[in-house]
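Shared chain: chain A. Partners: chain B in the first complex, chain C in the second.
After this line comes the complex of A and B, so read on.
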């Protein structure tokens, strides 16, 4: 990426930020729903004999903190694939393809701006919810820095997959079915509600080997062991999957573009 | 020097015939149908000189939009060659973007929920326009297209006419030398159409922009262009100056008069009554015989008018006349 391209990409990201910040009702709705989910599970775990789950040290507070991170990521990202799907379906992608910067890059830049805004707002909301419900369980300062980095990497990773899912409309005419399958895999293999550490051994192994673990479990697990302990392996895992996902996204975009150039949009 | 050069350009799409319904879907899955070749553009050749304003017309499905997409680089041709601003569009799409402006009437490059200004700021960044140039260029275009009061409004709040004006500003912001317009006035009311045509006409003349315009509206063609390329089934049918099209094919106008007289009548050479109803008269005017101004003057002098509407012949009628080998739609007897 040349320095010349950075300026327009930043402009795209600013546009994304403005688009999210310009919809305060949407942000408030996300925060309320996020809090509601945390409240429901907080109540649920209060009624669950957690010691029977067989994971040492798994308390209601730790589980709530874990969930606060996974849901933070899920809510911050939203459903951006729908935008690519809609642009392909209504042909608006033509206008973007005729621009001097690659569609995938500019789309990601906009999404990063949008997700960045929700990252901040929902991050603060999550922190407030944890402080209210579970007291002082925040990780140490280095742990917090790792968590912020890991959550950002996780969100970027999820966005790269949304881009590919959006492009599915180039072949299928619609991306939603692909998304629903992918999302179920993310929730199950990513450990949205429960950490992979309490999964049955075989399922846990499959989940850990999948990219989904790097999207939810990896950053959220930092809340289980207090922060920076597993930081290096967590970040390494995420960066590895990021590199693979970038290659996959580039390949999918190129294939979709070839199809558009050959068949039209 | 040619701004756009097209040589033996062809585009053929491959399509499989789908059968509707669940049974049809199942059959599609189980049987492999041989794809059918559908030619969209066939052996098309033309050149457009720098600064020329050309209408690219034809009936629906003639291949106009396909050609325009090929020329913008977002569609590969099956064969043939084309150069736009001396670049091969499908090989140099991103470099070409800096030389062309695009307005596809049905598609927007503005961000729907954001103010117009936000999209324009972004376009300035995309094309690396420096701040001073951007400010002065924007000021000129804003004044010319009268969108000063729209800049801070969300695109979603604009009428279609306002949005298209903002689209044109967006397309021209990086000062492209070539402007490709696909149905820019589609869906606009008469006033908005007229204003937009005036703006485009003035802009293209002032900036010596090469314009390639597709439209179904003969008014767009007459007001903006100086040459007409007519295609059908992807093939070139006619390539001639507007003056000749006007003389040979656009010589018929319709005038509808609403009058205070219950049984209005108007008799002039080259003018035929199409519909005569109480308080209303519809006339077909052969402008080669009697200029439209003369008909209006006579109507004003002889009748008490409440309203007057002048209509262009629909493009379909012009094209139909060309197919029939006539020199234009006929004045009804």
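After this line comes the complex of A and C, so read on.
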């Protein structure tokens, strides 16, 4: 990537960061929502007969820490696909397509700035919630570094999928239904609430082979085994899916652009 | 009532404008609800019960919540965007009409996916919840009452912008929190949280209490749900009227043409 492209992209990312940081009420809402979901599951895990899991060794605290990471990723990303969907629906995407830098790149840059801001705020909020509810559950220092990297990769991966889902409006006129199904697949196959290790064997195997595991389970599972042990395999899995997702996003954007050129927006 | 009937007819007619989009939204929401329930199936594959509740009970609750949500957003879809409408000055167009503005505000914008929500209630109740067809009338009664509570509670939250115009995004977060809490069984929480969820933040009145009414075959609980629906509907109307006194936009009268 040349400096001629990198500088504007950094400016877009800063714009995204400022847009999110400039809406403190929105950030407060996200934090409250995040804490609420943690509180709900703290209550549910407290009422769950965890001893029935047998040798899995999952405690209430570990499950809460796992959930804190999956929800951190989900809440930090938000619902950015709606922007692409709205731009396609109202035709304003035309103006963006005339820019010298690809629509997907500039959109991703803004999103990365926005998500970066929520990554920091919600990360601190999650840590505070864990310290309050579960005491010292944080991984070791190397483990924490891997967790931060893995969560960032996961968010980037999710953003790439949001971009593609947004483009679904080019064909369907609306992206929301595609998103609902994708999101629920993310929740189930990604292991949003429960780690894939306690899924029935066949479902667990399917989930692990899907890209969704790299988005939620891979980073969150670092909270189950204390951190750096499975770091290399976790990051490798995520980078692999990231490369595949980049290719898919480029292909989907090109196909959408072809459609816009042929049929208009 | 004739006015409300006419608005509902218009609501249904508006879906005919784009039937394919409406049907696909409904279908995807139907699938969406069932896919999400897989999480509970996995939970109960690992654990025998959640404080006495089994998977059938959670399915019963999920069915009531999706029915309530579907009815609320399909028949009163305007409630979802009430805060934005107020802040944008969109109330003006409704204030110029000879009737109270609330019915036209709420009933004018059906969200087609609500049909999918309503349809998915049936497999939740009859298949996953193992309820009989004979239970349906009572289920529909309490779930529709829950829809009134849900719609009213959302309307109250959205009215916050009458006093705090910059809180549109916050209202959206409040709404999301509310819907999220309704979907989980609340008997697992502490006493204080449950009191809160039965009063100020009435999520337990939408899913948990109606589900308990059916589980226990309790006429008293059914009556409590019905009474709560009437109280929250009245409260929503009162809060909206109170907020309306503060409303002074006047920038959208052009829409009346």
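FYI, the second predicted complex is superposed on the first by the 263 of 265 C-alpha atoms of A that agree within 3 Å, B and C clash if a C-alpha of one lies under 4 Å from a C-alpha of the other, contacts with A are read in each partner's own complex, and residues count from 1 in each chain.
Definition applied: a contact is a pair of C-beta atoms (placed from the backbone, for glycine too) under 8 Å apart; a residue touches a chain by one contact, two chains touch by 3 or more.
Small disclaimer: the values here were computed from a predicted structure and weren't measured.
*Asks:* Is A:174 touching the first partner chain B, the second partner chain C, both, or neither of them?
*Replies:* Touch status of A:174: second partner only.
*Asks:* Given the touch rule stated above, what does A:263 touch, chain B (first), chain C (second), both, or neither?
*Replies:* In the superposition, A:263 touches chain B alone.
*Asks:* Touching A:101, do we find chain B (first), chain C (second), both, or neither?
*Replies:* After superposition on chain A, A:101 lies in contact with chain B alone.
*Asks:* By the touch definition at the top of the document, which applies to A:23: first (chain B), second (chain C), both, or neither?
*Replies:* It touches chain B and chain C both.
*Asks:* So which one touches more of the residues on chain A, chain B or chain C?
*Replies:* C
*Asks:* Shared contact residues on chain A for chain B and chain C?
*Replies:* 23
*Asks:* Okay, in this complex, where on chain A does chain B touch?
*Replies:* Spelled out, the residues of chain A in touch with chain B are 4, 7-8, 10-12, 15, 18-19, 22-23, 90-92, 94-102, 260-265.
*Asks:* Report the residues of chain B in contact with chain A in the complex, numbered from low to high.
*Replies:* The contact residues of chain B facing chain A are 13-14, 66, 69, 72-76, 90, 93-95, 97-98, 100, 102, 104, 106-109, 111, 113-114, 118-119, 121-122, 125-128.
*Asks:* If you look only at chain C, which of its residues touch chain A in the complex?
*Replies:* On the chain C side, the touching residues are 21, 24-25, 27-29, 31-32, 35-36, 38-39, 42-43, 45-51, 113, 166-167, 169-170, 172-174, 176-177, 180-181, 184-185, 187-190, 193.
*Asks:* Given the complex with chain C, which residues does chain A contribute to the contact?
*Replies:* Those in contact with chain C are residues 23, 25-26, 28-30, 32-33, 36-37, 39-40, 43-44, 46-50, 52-53, 172-174, 176-178, 180-181, 183-185, 187-188, 192-194, 198-200, 203.
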